[in-house]
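Chains here go by letter, A, B, C and D, matching the order in which they are written, and residues are numbered from 1 within each.
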Amino acid sequence: MNVSFLQELLNTISEQGRQFLPWGLGGQEDIVTLSRALVSGRGEASGVAIARQILELYRRQKSSERQQFFAFLAEGLAPEPKAVEAMARAYLAAPAPEALTALQRAVESPRQEFFRRLNLAPGATAEILGLRRDILQAVRERPGLKSVDEDLRHLLVSWFNRGFLVLRRIDWNTPAAILEKIIAYEAVHEIKGWDDLRRRLEPADRRCFAFFHPSLVDEPLIFVEVALTSDTPAAIDDVLDEARKAEAASAPTTAVFYSISNCQEGLKGISFGHFLIKQVVEELVRERPSLTTFVTLSPVPGFARWLNRGLSEADETVVALGERAGLAGLGSDGWIDAPAVEARLKAPVLALAARYLLTAKAADGRPADPVARFHLGNGARLQRINWRADRSTRGIKEAHGVMVNYRYDLKEIETNHEAYANEGKVAAARSVRGLVKPPERVPVAQRLLGAPVDAGKAVAPRAGTLPRPEPTSS
Amino acid sequence: MNVSFLQELLNTISEQGRQFLPWGLGGQEDIVTLSRALVSGRGEASGVAIARQILELYRRQKSSERQQFFAFLAEGLAPEPKAVEAMARAYLAAPAPEALTALQRAVESPRQEFFRRLNLAPGATAEILGLRRDILQAVRERPGLKSVDEDLRHLLVSWFNRGFLVLRRIDWNTPAAILEKIIAYEAVHEIKGWDDLRRRLEPADRRCFAFFHPSLVDEPLIFVEVALTSDTPAAIDDVLDEARKAEAASAPTTAVFYSISNCQEGLKGISFGHFLIKQVVEELVRERPSLTTFVTLSPVPGFARWLNRGLSEADETVVALGERAGLAGLGSDGWIDAPAVEARLKAPVLALAARYLLTAKAADGRPADPVARFHLGNGARLQRINWRADRSTRGIKEAHGVMVNYRYDLKEIETNHEAYANEGKVAAARSVRGLVKPPERVPVAQRLLGAPVDAGKAVAPRAGTLPRPEPTSS
Amino acid sequence: MNVSFLQELLNTISEQGRQFLPWGLGGQEDIVTLSRALVSGRGEASGVAIARQILELYRRQKSSERQQFFAFLAEGLAPEPKAVEAMARAYLAAPAPEALTALQRAVESPRQEFFRRLNLAPGATAEILGLRRDILQAVRERPGLKSVDEDLRHLLVSWFNRGFLVLRRIDWNTPAAILEKIIAYEAVHEIKGWDDLRRRLEPADRRCFAFFHPSLVDEPLIFVEVALTSDTPAAIDDVLDEARKAEAASAPTTAVFYSISNCQEGLKGISFGHFLIKQVVEELVRERPSLTTFVTLSPVPGFARWLNRGLSEADETVVALGERAGLAGLGSDGWIDAPAVEARLKAPVLALAARYLLTAKAADGRPADPVARFHLGNGARLQRINWRADRSTRGIKEAHGVMVNYRYDLKEIETNHEAYANEGKVAAARSVRGLVKPPERVPVAQRLLGAPVDAGKAVAPRAGTLPRPEPTSS
Amino acid sequence: MNVSFLQELLNTISEQGRQFLPWGLGGQEDIVTLSRALVSGRGEASGVAIARQILELYRRQKSSERQQFFAFLAEGLAPEPKAVEAMARAYLAAPAPEALTALQRAVESPRQEFFRRLNLAPGATAEILGLRRDILQAVRERPGLKSVDEDLRHLLVSWFNRGFLVLRRIDWNTPAAILEKIIAYEAVHEIKGWDDLRRRLEPADRRCFAFFHPSLVDEPLIFVEVALTSDTPAAIDDVLDEARKAEAASAPTTAVFYSISNCQEGLKGISFGHFLIKQVVEELVRERPSLTTFVTLSPVPGFARWLNRGLSEADETVVALGERAGLAGLGSDGWIDAPAVEARLKAPVLALAARYLLTAKAADGRPADPVARFHLGNGARLQRINWRADRSTRGIKEAHGVMVNYRYDLKEIETNHEAYANEGKVAAARSVRGLVKPPERVPVAQRLLGAPVDAGKAVAPRAGTLPRPEPTSS
């Protein structure tokens, strides 16, 4: 019930546990010595105490000390090369099942067992996530740590199997300790304090759900915010307007997923969003059988960058020279609220957004836009592109105010997914397809007159006391 | 709260889930086709539905069909030999980290991913344990399934990491659905119905604790029964006597662990007993600071078999010929309650029990007795051997009525464990050591007169509606 | 969560509380002295400690000591006659609101405040119910205690207001400590142990609900057992048959209330059954919208006694002399399973049962049968009278095997209740009315041949360790 | 768990319940007609539905309509004068127990039964508290409603018996819906938003406890804020300083109760503070055995008013004329932070505060200061008077910055209480007594020079969205 009381209790026990460090390791403060002990036979008997001490030391380490510890993880706990070599030779000589098993054992890093035993300490799972977050940062400069991250990721995939996750509704009766994390972790539309939070949780036509893991009691892994409405909203202000009245709770037809945020940097690359959306759809249908339409109201975070690069590189697959003139004024101060300007820009920008979403690809052949990638990969359909939909500083900088509705239609999710996965086909409503025109080639003379639009600067991430999460989607 | 309601709900959802099986797999009833789909890209999108269907089909399979499915797991989901070979060669040619990573990936069985995705279905973890139980049985006759079991075990070690286990007290306020499992899973001293159960849970001087896993809500993994007393009991009847009065709850000094049972056959080989005992000691100390002594009252399950084999094989390292005469009457009908007989047998049998516990070794050099192995491996000390301690049919057949107290002394657990692990040294009280005399050699003539004791027949396992658990210890 | 742990904790605190007994009452063992202190000013400051001590002493009192204590409650804590007299005179002289208030205060027993303060002690509510149970027994012989009971009842009506009761489903996941009380308190169809209990709770087509009070955590106040079926059962064996299969849980149409038991003798005269049935109907409809029919399968506990008295007193309003011959064999050994006998008896006995239920009245003009009174008073309709419906010893002795279905039809509950309350009208199906014929007068000669049926002896109440509850109904 | 979900569910049920209003009351919108039905026989059968409808109508009533409804409660549901008269006469004629019982029944207002039945509606308890709050306001202008309030109070005393209250710790894991009420209800030292709240709940050396009633799930009745320290603080800033570090949680010796707030205006006159303090002391001792000292840091809300009145009325029992000169500057702008001024004022003001606390009496002979009355009545001792202890606007206006420590010493609580209750004796430390000097009489000439201090204006109550609670104490 009372988490903080529990934690205090666990801390006390942990304190007591200190005295049980095995003989000869009593006052041991060297993290490498302890780590070696943990994977040895002593770890079997006294794993809890050693693991506690390692985590305690890690918490107190300075950055440079941590780098040394990471190096030890990478080199000191790697598979034994001689053993790998011997077993590889034996397998090649006679590829029997036993030889394969022996080879499997030889190549498994002692790191995996190290992390498994580290998890014996009370509260260790959260700290192991923190460790991975640190390693993910370190790996950028020291690619040799990649194998450490890979082992951690492998283990976390196993531990954070969807079968172990618990879906919980987040509302105004949720403990404050969890709610403050929702505020901190929201990565799409910033929550501006407790009053703003309450507006998203308390009204009868709002829902929020999160996945939790039993070992991370008060830490959401990912959460989604939902509005129950009578039609598909075309702008985020329709959803988040402070002055709006909660709709009569009677019989909403539409559930709008307007924000999804990953919370744990340490779980980067381990995806839950897909499962979350599907389970929340099941929950909502059960609670409110009147719901028939499930859509998102999602950002298009890569649009402006793509467009700017196309313009600056004069890439005609992005914007044909002949189209440039039509973009004059885009990015100028206050353009989005200047009626004459925005009215003129609407058609060409929407057409470009459709081109971006339907044709722009990343190096791996999948859609360039990360949010599109997520929802299309889940089997959703690109339903509508909305003009002047997000007029926040970030929305304008990243997407010229454009937002998208993706629709989850249970009858076609599977077909969409298959077509997407096998043929790279993007499911889109006819009206979206109708927006796209191939870039128009124009005479050279005209090209020279085309003025590039303001390239837009990268938006600084919102500061926060808690680690900044990786925005998933919506 | 209400588990059965929840299960019903989940079942309903599961039913609905059926219709979402991916396109082309709609009515699919072939478990192999579905299993291939699960590990393919389709499994990413529709894993929950496919996993449900596989488990549903598995539940309905006949034994022969299951054997075919197991064969598919062994062969159809094994690592690709060509890939393993290629990566092994590449590694040998240039053992760089990337080559190692590639080799690690090549040798990992697709089975691991298969089981991880199988766990997507609601309630799957329990069914995966059931699957492993079935494979453990099948593997006896078909050693080719060993690799399947090995992969499952590897995954379960990760999932059932002690860091994820939850200790819960079992008492008379525990839901009946869990209590009936305690009755069924008790593997040491049979619980003879609900009244007997209540006598072990309700009195103020009794405790019971179990480990649970968050994904197996109403299934204990292992549990221990404890009596709080004022001294170390010398016979199981002292603990389980129906007529006894609960001791004044004031200030017990001694916690007696008189029964530990593993509950899940599907977790065979994954050990929790060590952690359970240590955490229960912590719990008890916190609740009852007056407790200073932690002992077991444990069976000696291998004693009679060892003695009988020694006698029938005339193995003088077990019983010297000269000692045989002293054993006359052991095993005869009602000997244990015949004062003259048991009084005469006491000294020689206790000496033999001490010899068994201190010197008899299994093939791997560890103590022959499985219960001794468990407690000594945990760092406990062999404290006392008790005469006429278990007069049940089983106690007499397996151990000639002998029981043992192992003592957990927090100050010496670590030293004992180290000495045991490194040197195979058995920690024992001086009084126990004093019982042992080297087998006495006697003249040949006398040998011929020695009558073998009754060899004792194997005790039939107690029947029960639930799968019979593997007795751990105590 | 863990009630027993909590209780132990509370006991410990209670122990400590002892030392805080106010100065001068330290070792006080006289319950009257303490009771006077409790209602005095000292009770305001140290009520918790004094109340604990009073309850502790009461628990230890012998029966004769309790009688003295009851006498004190009756006389020592009665309103002050002089004050009552003075205020009565004042009111009569000038019946102003202030005079009324003063009179109200003068007539209120100090007992009420005494009991309110007694409830300050932890766990006191349960003990106050026990006290009332004791007083209810004592009052039979000492009518002077009636006013004590009246004050207690008045307070309990207030404390056990339906607004404070909590409905909880009882199932196989309910704590054993509560389930054993369900076994003990079942007052209609005995539960023969844990297996029988499980058959009533676990199958998907069974439900059980109870009312609880927040201050009596593990004590049900009243519970009802329900079977979900596809039609209205005509015999209790159809419901309780050990060998029956749970019906496919798909879409039951009928909820059968086949047992309702009051659990607390100390709450005698405070009725919850009415609220329980209505709320359970709401619960069931929400969970299973396919349910459309709500009926009981109820005993007719007064039928045989009424019939026997009629026969022995030759009361022709019960049985006309001419009808007696038709009853030959009723009550003879094994008559109910002798086809020829029971076939002959069916029509006359059913007719008599209908006469009993429709016309027999108690002194207050309400139906003579207590179960009929309960359900008709709730607005139910007498739907059907069933032959050979309860062949248990008790069912035969009390009702010649007859049982009744009362139907709760939401559309007519209110009208039935009004007609019953205002005009004493019994709502009954046409087919039930059709069974009734006015007692037929026969010539005297024939009368002399009529043999009285076996009068049946009172059934001894089932023994149990817990106080035997008052059977409510069904 | 999820209260808001539950409430929504209850609302839905409530909606459905509407259709079950008894025949003839179907669309009834007249609250008086419904109220008469509720206390009639129809209320027995359909009380839940009628009660719901009454509360629904009450919620929608305008103020003037409510006044009419109150009048009905006062006159329409009063005891029947003729019956009272008859029974009073009968009793006077023959004062037998039966006559007394009959008189008791005759004088009990039908209002009591009305309110008991009103409580049948889901969620009614909270609304009945709201009703009493409204009546308490109305009664100021219409004393005829006093009897209505008296009946309600009588019932609430019974319902909110301390035996039914639940103590819960409030911390940072408490649901936000409850925490926002803590912010709103704090009546002593305003909580300035969520960050301020967190500072009072989250640090390891802070505690907060509240009483709840099972029928008011998310409404605290009263709460207390506690600081665990190593000595008795002399100023509120020591406790609430934003920049302070949480003290090492090791072994605090002192628990400081620095704020107690009543939350429910509808429970005015029903006191829980006494029980709360004693139970919190028990909780704290159990959790932190190192605690030995329990003190408050309390306001002296009546001091300045008393002093000002004394000065303006030239009441020499308050301030002798000769003392007036010494008070020059008291109340001038910023005096408390002007070193020369405050240093000069310290001694005379402290002496006056001691005089106020030790000698000033209300009309009933009890101490004039309400906070003093509360703590002294509980058996606490006036331990210390602190200078410059509360420099907030309110602290200066109400008490010239003075605060008091009351000490709860378990060994003397009872004796203090007795002496206070019986002899009106104020328990005070010797050092406090030492501050008091009898007001010094001075020659008339000098009197004329005495300048009155600034009388201070009443502090406006802090605005809030929730009803402002009645400050209890601290």
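By our rule, a residue touches a chain if its C-beta (ideal position, glycine included) is under 8 Å from a C-beta of that chain, and two chains touch if they have at least 3 such contacts.
All values reported here derive from a predicted model rather than from experimental measurement.
Think of each touching pair as a link: the shortest run of links from subunit B to subunit D has 2 of them.
Ranking every chain by how far its Cα centroid lies from the centroid of subunit D, the top place goes to B. With each centre defined as the average position of its C-alpha atoms, the distance from subunit A to subunit C rounds to 60 Å.
As a whole-number value, the distance joining the C-alpha centres of subunit A and subunit D reads 50 Å.
If each chain is reduced to the centroid of its CA atoms, subunit C and subunit D end up 41 Å from each other.
Annotation for subunit B: no residues touch two or more other chains. Looking at the complex, you find that subunit B touches subunit C at residues 1-5, 8, 169, 171-177, 179, 193-194, 198, 202, 204, 218, 249.
Of all the residues in subunit C, the ones that touch subunit D in their complex are 13, 16, 20, 22-23, 41-42, 44-46, 48, 78-79, 81, 84-85, 88-89, 91-92, 95, 97, 100-101, 103-104, 107-108, 116, 119-121, 124-125, 144, 146-147, 150, 155, 157-159, 161-164, 166, 214-215, 274-275, 278, 282, 286, 378-379, 410, 413-415, 417-418, 421-422.
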